[in-house]
């Protein structure tokens, strides 16, 4: 069933574009939730051998990335009661275009820099493009919350990359990684919450008091 | 052994007071006046030593000791020169530094004595004196450097004595330049025209005269005498460079020396008669010119 | 398996500290844990224990060095924290202590884990454990600081994770990502994958170290966090991050890629020094100043690492000195802030009159941190310069000398003014509590001792630690 | 070694007593003086033993690398520099007791005394250290103690400014020295001086770097132009007895370092010699010129230290050149002259600063133009200061002459030699200029301070008197030494020459023959004694003159003008004006004229003309970088990404080659 994971990976790319293209915070979060679900499905698709490892990984990923974090972020938005629109630094069309460039670039890079051989020719390029999209969101979005989303996407990309090494990295560690990301996002959410309280806005461009 | 130099020294000390007179007389003669007799300074000294003194209330012992230091340093400096070209009373490697040092000590004392009176005139004179000397000193060292390079000797007795006579043919141009520079220095150090005018009566234009404004009686006498001897010493340097005294028999050398001193004094007189006195701020240039001559001499020897 | 307790004890203590309500008890837990931890670490010096093949947790000289540094610094900071929390409004005491102990657990994990992915987990945890502490003051500025700290460190650390996966991909022999096997099978590693891994890990852990131009979070964070937290970061956190860089460097050099690694490290070092110097000129805030000084010292660390020869020895020695000295200066500045309520040179003045002890500590700390003899940093900088010239980089040596001079001007002009200049509103002399000045004084004494001579056991340990980094005996 | 340790212990004890017995000042002072003198005498005795050909002394503790062993030792060179350290140091210390006595109560005098003792210990450590770490450690102890002493009156902004400039430069010199030792020990097996020496006998990159850094490091400490500008401010700010040690002793440590390095590398290359020579000429001429321009007593003396350092460097330069060009005789003269002048300058500059301190205490001002006529009120101070001035100008029969005479010989002998070394003879003219300017400067100083009449319109609060024996004693002691050495140079000439012999390679019998030197020294003695005798004789004669009896007292002759007031006297500034004018902008005199006022001030051309503007430029350029820290998280993230991209490019290109 090698077709399946190819399909999943393509969906991941699509969710990336969704994150880039949508105008509402809530829908970006929904996009990440779906992306999380896709990631959860990927290990099983890649390694049909139903080992504890893959099952656990899938379960944990699903739990964290599809259930807990999105709902938490959604809660944060609700609590913050902010305007839902994203004011990106650059227009949506531009960011979409950049996203496309990122995908192209990552396929290009896949040829240029040496990469681990993996079961799927798509895996690495998709991972890289997701990482780039994450960075893109991080750097071009003004709302603190959407930056958190960007970080989440970045981590997802790395997770996809990690799947190429899934049998090399022990289960415990994977869980540790997951836990860390979870806590990280959690604390970020809390900070976002405080930011909103202190500045009555999620606009992180206001955070420019500290400079030389 | 030391008898010869000692006698020559006494001779120079004896004839020294005649030199300024000679110079002044020459100048007067060339400008168509009779002028004071050549031996005038002897009479002045004799009179001054008899006279009573007046001290300024501002002064301290420095004022009284200074003239003594002036004359003492000049005399001791004279012992370092091989006046007759054969030997000096006292001679050691690098004694030329002692020579200039002693003259410097004399100047130090004289200037302090001037400042001791607290008069603005004498302060002015002192300031000018050190300004002039600041430029004269390097020139003097350059002249002596010429001698060192020519002879390879580090003591005055050596560089002015026999060895100098030996290298004359080779180093003639440099030595002539050095002699010329030394002559200019003699004018400056003993405050003659064009650097200073001993005959002037306007304090604001004086250098040397204005420092000793408050000195009187024996103190003044000592300073005048010291100045005269200084002229004698510089004259002796010029003669020593130009005339290979060392080659002459011991009895003849002193005679030639005295004659040479006379010539130098006349030369001073001639310069005074045909040159105007320089503006104060031009004086350094005059001395720099002297240094330039000496530098030429040095370069000729170094290449 | 004597290492597990080292991690579990502080972890458990941190949980406990969150649960207990009484301040006194919490302080006891804090100091007690720190002391026991230090004791256990001390025992490790006695017998490091035999390495279990394939064990994720193992102790080696470099790790033990970092572990000891963190432990010592933590005890001092813990004691200081007790005094600090007394002076500060009680708010946050709970989270504060919890965070501190959590950091200790995570740092210990970093120091002892020989599994590079596990090391990553520990590293990320240290970042998160300290975040609430940065936000201690709960005002806009600290909020901004913690936001930047979190995001930058997280992104950096994410890149490090990517690098770790690359490393795993490069490996084809032995237990995956296990340090011993990586080094043993270094020659069998896929070279170009290894290079990529190295770059990602260098950028990732370099961001946590605060190498320029990855240092941007440092001044803001150090400037806003309570001084003792900043001190713990500058002394402990950076040491852990450096351990990460050192590990991957070990592997890469073992794989015979020194010619690829060293230029990178050298350029990071020089750039860090330049940036630190540029930002220290006319820097008016003591804590930001120290932040840039930390950038400078990180630069020196990687510089020594990149030089080879006796450089790595100088680096590990510098690691020790830097950690201890940073403790001194940050805690001294902390006292200044406690007394005057500000770390900016315009407001904090006349310290020598008002806080005689802290004033002297700050003054001597200035000379220590700028590498004046006979304080320890001078000896390590001397060794690094020595390596630079011996390895045929005289220009790097000269550049370092010039930059250090500029840096000194930047620091001295501020600190000396703070210490000596008369205060606008002269205040009475404070009586300084032993909790607040005892620790830094001890650290200063240690730094001084290290400058005068390096004790033999420590010397052996340093040699052993430097061995892996491609050192020749100095 | 134990004796030296005892000396150090005694000095430390003196410092400790000052602090511990603060309660009972009089007891503390007595104890301080006794212990300080005892320590100095003990140490000096040891130094003298070594200088008289006794065996070198050395002791040390083994140490681990990278620090290396802790070796201390006393060879002739160390012993030579120990003389000023302990001699002048102790005199200044005793003087300090009297000098700071009145400060008690509103300043931490006890701490000052303790730091002073520590400073002496640091200096002792520097000149006796025989390994890298002890040297640098003592060096920094010295530098930091000096800093803390300079900051004695730290509530004044200009004192803090001077302190900052000093600490910055001294740290720069320390860094340079760290670099220098790093270079020297690049190929060495250990860190002791002997091992460093063995490793650096042959030329190479490391050695070149080391020599260059030595010039910077030790040049700053010695105060050679253009690295001198820390010196005037620090000397003016410090208490006078501290200034005496800073100028008289601490600068010499820089010279010591240079000589020590020469010992280590065994014969430096010619470029090094020419550099020293050039620095010497520059420092000498500019130092004295700038001194002439000063209006403030202690700054003037400080600039004179620059001048004398220049003379010393001239000597060193000639020495190095002599070795480099294979003219041992010349080298011997140069080194000997440098060493002699080091000692002599320590003596008379210490004396002059103490004298300045006495004047300052009596009148409360350092501005030369406000003083005058102190000779009648402070006769002993005037005498001591006068001796110092004659000595520093280098006039016979005092010690300054002895050393300048030797340096001159070196320069002239260089000229007489055949090698291209002969161009060094131009130094003779330069030295002549230096001497003449120094004469102008000190006639100005003595004349304005002690002669004439009081200039400042403000009447003095209280009648001033000579200081008590505690302050006068040290001054007269130093003055006596100046005269003694001047009249009996052989005493110092021989040991100095012995040390120089150790620095020169390839000496033949003629150069080694000491007899000629001793004979010349004896003739100098004759000259000096003779001069004094003639002066004395003439004074007696003057008494005998008939006119000697009734001397009439009158006001100064005003050239027919109305009675002159003290305001009409020539001021120091106007005295120096024509000479300075001749040198134009080089003199660094700034004149501000308005309709009703004329004010001239002296700036340091290097500091105010070059260094500070350069620093400002650096600041401006650094501002360009500030954008990096603009506060926007976005840019921070981008810089991380940018770095990553750059490195990936490096990987894809350079990285290909394994």
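The first chain written gets the first letter, and so on, giving A, B, C and D; residue counts start at 1 in each chain.
The rule is short, and it goes like this: a contact is a pair of C-beta atoms (placed from the backbone, for glycine too) under 8 Å apart; a residue touches a chain by one contact, two chains touch by 3 or more.
These numbers were taken from a predicted model, which means no experiment stands behind them.
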Response to the item:
Per-chain C-alpha mean nearest global C-alpha mean belongs to chain D
Discussion item. For the interfaces A-D and B-D, which has the higher count of C-beta pairs in contact?
Written reply: B-D
Item to complete: Give, as an integer number of Å, the spacing between the C-alpha centres of subunit B and subunit A.
Response: 99
Response to the item:
Cα centroid separation, subunit B vs subunit C, in Å, comes to 76
Worksheet item: Can you give the whole-Å distance between the Cα centres of subunit A and subunit D?
Response: 69
Worksheet entry | subunit B and subunit D, separation of their C-alpha mean positions in angstrom | 35
Response to the item:
Where subunit C touches two or more other chains simultaneously, the residues are 147-148, 151, 155, 192, 196, 219, 279
Worksheet, complete the sentence: Touching at least 2 other chains, the residues of subunit B are none
Worksheet item: Taking each residue of subunit A in turn, which ones touch at least two of the other chains?
Response: 113, 135, 138, 147, 204, 207-210, 212
Worksheet item: Which chains touch, pair by pair?
Response: A-C, A-D, B-D, C-D
Worksheet entry | Residue ranges of subunit D in contact with subunit C within the complex | 63-67, 70, 132-133, 136-137, 139-141, 144, 151, 154-155, 160, 163-164, 167-168, 171-172, 174-176, 178-179, 181-183, 185-187, 205-206, 209, 213, 615, 618-619, 621-622, 625-626, 628-629, 633, 635-637, 639-640, 642-644, 647-648, 650-651, 654-658
Fill in: Residue ranges of subunit D touching subunit B (in the complex, touch as defined)
372-373, 375-376, 390, 393-396, 401, 404-406, 408-409, 412-413, 415-416, 422-423, 425-426, 428-433, 435-437, 439-440, 442-444, 446-448, 450-453, 516, 519-520, 523-524, 526-527, 530-531, 534-535, 538-539, 542, 545-548, 550-559, 564, 566, 568-570, 574-579, 581-582
Discussion item. For a test of understanding, state which residues of subunit C touch subunit D in their complex under the given definition.
Written reply: 147-148, 151-152, 155-156, 159, 191-192, 195-196, 199-200, 202-203, 207, 213-214, 216-217, 219, 256-257, 259-260, 263-264, 275, 277-279, 281-282, 310, 313-314, 317, 367, 370-374, 378-379, 381-383, 385-386, 388-390, 392, 394, 397-398, 401, 404-406, 408-409, 412-413, 416-417, 420-422, 451-456, 459, 473-474
Practice prompt. Would you tell me which residues of subunit A are touching subunit D in their complex?
Written response: 89, 112-113, 135, 138-140, 147, 204-205, 207-212
Item to complete: Mind listing the subunit D positions that touch subunit A in their complex?
Response: 626, 629-634, 637-638, 641, 648, 651-652
